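Both of the next two complexes hold chain A, though its partner changes from chain B to chain C.
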Partner chain A sequence: MKLAFQIAYKNLIGSGLRTWLNVIVLSFVFVVIIFFNGLIDGWNQQSLQESIKWEYANGYLLNNDYDPNDAFTIADGHGHLPDSDTKNLTPVLIRQATIYPQGRLKSVLLKGIPAGQETIALPTASLDSSHANIPVLIGKRMAETAKLKEGDQVLMRWRDKNGTFDAADVTVHRIFDTSVASMDNGQIWMPVERLWELTGLHGQATLYIADSDFQTENFDGWNFESQDELLQDFRDLIEMKKVSGNFMYIILLFIALIAIFDTQVLSIFRRQKEIGTYVAMGMTRMQVLRLFTVEGAMYSVFGVVLGMAYGIPLFIVLSRMGITLPEFYQDMGVNLPRTIYPVFGVELIVLTVLALIISATLVSLIPARKIARMDPVMALKGKIQ
Partner chain B sequence: MSTKQILKLDNVVKKFPVGDGRYFTALKGINLEIDKGEFAGLVGPSGSGKTTLLNIIGSLDSPTEGKAIVMGQNISELTHKESAKLRNIHIGFIFQVYNLLPVYTVFENVEFALILQNVSASERKKRVMEALEWVGLQDLADKKPDKISGGEGQRVAIARAIVKKPDIMLADEPTANLDAKNAHQIMRIMKKLNEELDTTFLFSTHDEKVMKYLERIITLKDGSIAEDKQVTPQKTLK
Partner chain C sequence: MKIAIITLLVLGFIHQDPGTDASSIIKKVDDNMISNTQISITKMIIHGRRNSRTVASKNYAEGTEKSYTEYLSPAREEGTKMLKLEDNLWIYSPSTDRTIQLSGHMLRQSVMGSDLSYEDMMEDRKLTEVYNAQKIGQETINGRKTWVLELHAKVDDASYESQKLWIDQERFVPLRQEMYAKSGKLLKRAEASDVKRVDGRWYPMKMNYKDVLKEGKGTDFVITDIQFDVKIPEYIFSKASLKR
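== the complex of A and B ==
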């Protein structure tokens, strides 16, 4: 085997441009695979953290009549817990409403939350300092779509507990910025005490957000969904992204492997006199097979080395500086941080290296078998077609 | 097979398929014995079977019928591994177009034969330099094949073949690509190696310049031996 490595190394180094073209393609594939996987891992980690920080905290206690995926359950999906049971829980009352920015109609979810809460990162504390009649918080995406800015007043219409329409101007007290789209798009946040007044649903909540000290209990009429359960959808989305990403990696890898395969198949024709000479000098079929397999595998090793040479500094810079996404990515409706900090783990790099080397070796084996079975007489004459 | 005998061909026939179930018979019952230290040549026109015979002797090919015994081993009965071992240890090849490995230096080309024999690095260095000295190319050790002349290339090929001190050297039209001056130089080197190392040389050639150096000329015609005679090389050449 040492002989095969020795000769393969010399052959590849001696082949010049032909070798380096393959190596460059392989190094590019290596870097791209690691980059995209790192990006998705980074997005995954950041988004999970952001979702916990901004939305889910330690989990939700949901009213049994409320289904987050069914808007028709909002009207009746609320209730209240005795004060003694609400320790470590932050109530959120959700109602449907309509706003009329610049005379246009826009349906929104009106959410009430205690201004003094610290369970999630929503900047509700600032609502206390507002002198407006109905101060509200909206997210940056909502502000953009409704063309609202801080201090603007907008007419809002809602139904009270009896189903009677009521309307008033609300004041945009503050516009917050979050990567968690589900806390922003089409939502208006106001102090829950004010919403209770507006709707007559005193002490009622659609859901409670549990903080980290919350102990799971059975509450009649309420269902607790843990942080893990709430994040499952997002994890599924990431998994799906990874699977679809794998298709791209397979295509990239396929292109790179085709280059190696092509080079090795061409060797049958271009290097037949050389192969004939190896055999004439006493190389066994197995030695020839090993030599050409190792040559193919060595392309991937060189590709990894070159990829690491420019990839590792690039990965270090990217993981520190992050990748800032263009504004339009924020409108995609998924939790996408404005700046993603890719995570390049050792496991990711090791697995990519192994995948590249093993696949290159397997791809080289096919032409190498043919090369090893060449008729040396025909090879020496250069007559193999 | 006597102890002096290097090879013995017994009624060797070689047929090649030419399609439609037909065969071309390249060798028609060749009987030949070559002893150690001979400096012999297979001569004859193109298509007479010289190279085919050389390939069989070199265990690159096997006879369709008959027996080819090289170094006491029947070529037809050898496995791929055994025939590779036979070539590796006992046979040196010199080709018409040199067949040097283009990415290697002169030194590395010659060294390659010893790498295949698992010779240690220090021993390899000593023997490669010795072989290059035999052919007068020690100064070109670091050159690549594309930086040397045709004559020098063939001398490298001789060094590569002789460095492992094989029992038999098979040279297929070794001077065909060389001018007269280089052809004579090559032949003189090979004759010297034959005398000093007692290595058997078997040429295939139709070059008059080569024939003048031969001590035995085996003439092939249409796949059969037409004449096998001992000759005295021209004194002036020595």
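== the complex of A and C ==
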């Protein structure tokens, strides 16, 4: 076996540019696969952390009549829990409203949350210091779409608990920046006490956000969804991205493997005399076959080594500096951090290396099998068989 | 002294004339404007920032709770149908061959870019059921003498807490209508003109509807043909009719 490695190594080095072209393609595939997987893993990790921090905390206690995926349920999907039950719970009341920035009509979700809450990262504490009649917080995306800035007043129209229209100017107290689009897009946040006054829905909440000390209990008329359940949708999205990413990896790998396959087929065709000599000098057909298979596999080893040579410094830089996405990605409606820091785990690298070496070995084995059927005399003569 | 008392009584009697007190005025308005059934062909002229576009439709209505609209033009909207049954609104789009029920924020979207939202179309109760009226003066609009009425909601679930109406004194047609929020902010204004007598009723053939919070000239509704109290087959007001 050692001999096979030595001969294979010398053969590959001796082949010069042909070898290096294969190795460069393989190294590129290796780096691209690891890069994209690392990017998705980084996005996944960051977004999960941000979603917990900004949106879900330890989970939601949802009113049974409210379905987050059904806008029909917003009007009536609210209720009241006695104060004794709301320890470790932050109430959020959701209503629908319309704002008129620069005379344009825009539908929004109006959300009330206690200004003193610390369960999620929404900077509500600053609302207490506002002297405006109706101070509100909006996200950066919302500010951009509505062309609003801090201190601006915008006319808002909403309906009270009986469905009667009311309208007043609200003041943008602060614009917050979050990667969690579902806390930002088309939403206006205000102190829940003020929203209770405006709508007449005193003490009502559409959902409660549970903090880390919350103990799951059964509340009549309410349904608890844990952090894991709430994040499942996002995990499914990531899973889907990974599956669709696999198609790209397969195509890239296929191109690289075709190059190896092609080289091996050519080798067997052009190196018949060499094969005949090996057999004449006492090598069994299996040994020759092993030699050619090792040669093919060695392309992938060289590819991995070269890929690591330029990939590792690149990955280190990327994981530290992150990749900043263009602004328009923020409007896609999914939780996408402005800067994604890729995560390159050992498991990811090891699996990619194995996938590359195993597939290259298998691909080399297929043309090499032909050697087993060669007549050594004819091979020595260089006759095409 | 006697003469003064009699004079006061007479004036009081005149003031209490049941034909012109505010509540009987809005009752007459309801009677005039709302028919058992109605079929009309209308043009909705939507004034945009740069240009205007016209959407034609054929409308069927039964009382205030059932209505069915089929859009006739332009080509982009042709075949779109809308059905309202009490509190529910469905829209059928021929391009997707799908019917969707409008809810939540979708109800607050404007109807084909007009100043009228879908939820405005859901308003269906008679004025007398919702408001207490008070006569606050008289004005002349386009040469027509009107009573100015202030309406305050007498039920909790009125869409507009108050309204101001300018009612034609002879024809009992609201020539102008202003709708206010609870805070007193003016939200919408409707102006009626080209009042014609159709099947024994005075009816405005042109209306301008304006969301005053929005910029622009509002939306015009022009009735090209209207029939009152005609028989409408029951299937028209069914979801099945949307896909016909």
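Quick note on the criterion: the second predicted complex is superposed on the first by the 383 of 385 C-alpha atoms of A that agree within 3 Å, B and C clash if a C-alpha of one lies under 4 Å from a C-alpha of the other, contacts with A are read in each partner's own complex, and residues count from 1 in each chain.
Note that in this section a residue touches a chain if its C-beta (ideal position, glycine included) is under 8 Å from a C-beta of that chain, and two chains touch if they have at least 3 such contacts.
Keep in mind the model is a prediction, meaning the values are calculated, not measured.
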Quick one: chain B and chain C on chain A, clash or fit? fit
Per the contact definition in the header, classify A:Q6: touching chain B only (first), chain C only (second), both, or neither. first
With chain A as the corner point, what is the angle to chain B and chain C based on their C-alpha centres after superposing, as a multiple of 10 degrees? 140
Which holds for A:I74: it touches chain B only (first), chain C only (second), both, or neither? second
After lining up the shared chain so the two structures overlap, which partner does A:S15 touch, if you call chain B first and chain C second: first, second, both or neither? first
Per the contact definition in the header, classify A:P82: touching chain B only (first), chain C only (second), both, or neither. neither
With the two structures laid over each other on chain A, which partner does A:T284 touch: chain B (first), chain C (second), both, or neither? first
Where does A:L155 make contact in the superposed view: on chain B (first), on chain C (second), on both, or on neither? second
Answer with first, second, both or neither: which of chain B and chain C does A:P326 touch in the superposed model? neither
Smallest separation of CA atoms, chain C relative to chain B, angstrom: 66
Can you list the residues on chain C that touch chain A in the complex? 103-106, 108-110, 153, 156-161, 179, 181-183, 185, 187, 211, 213-216
Per the contact definition, I'd like the list of chain A residues that touch chain C in the complex. 70-72, 74-75, 96, 98, 100, 102-105, 107, 109, 155, 157, 159-160, 162-168
What residues on chain B touch chain A, complex-wise? 55, 58, 60-61, 80-81, 84-89, 91, 93, 95, 97, 99, 101-104, 108, 112-113, 115-117, 160
Write out the stretch or stretches of chain A touching chain B in their complex. 3, 6-7, 10-11, 13-15, 273-274, 276-277, 279-287, 376-377, 380
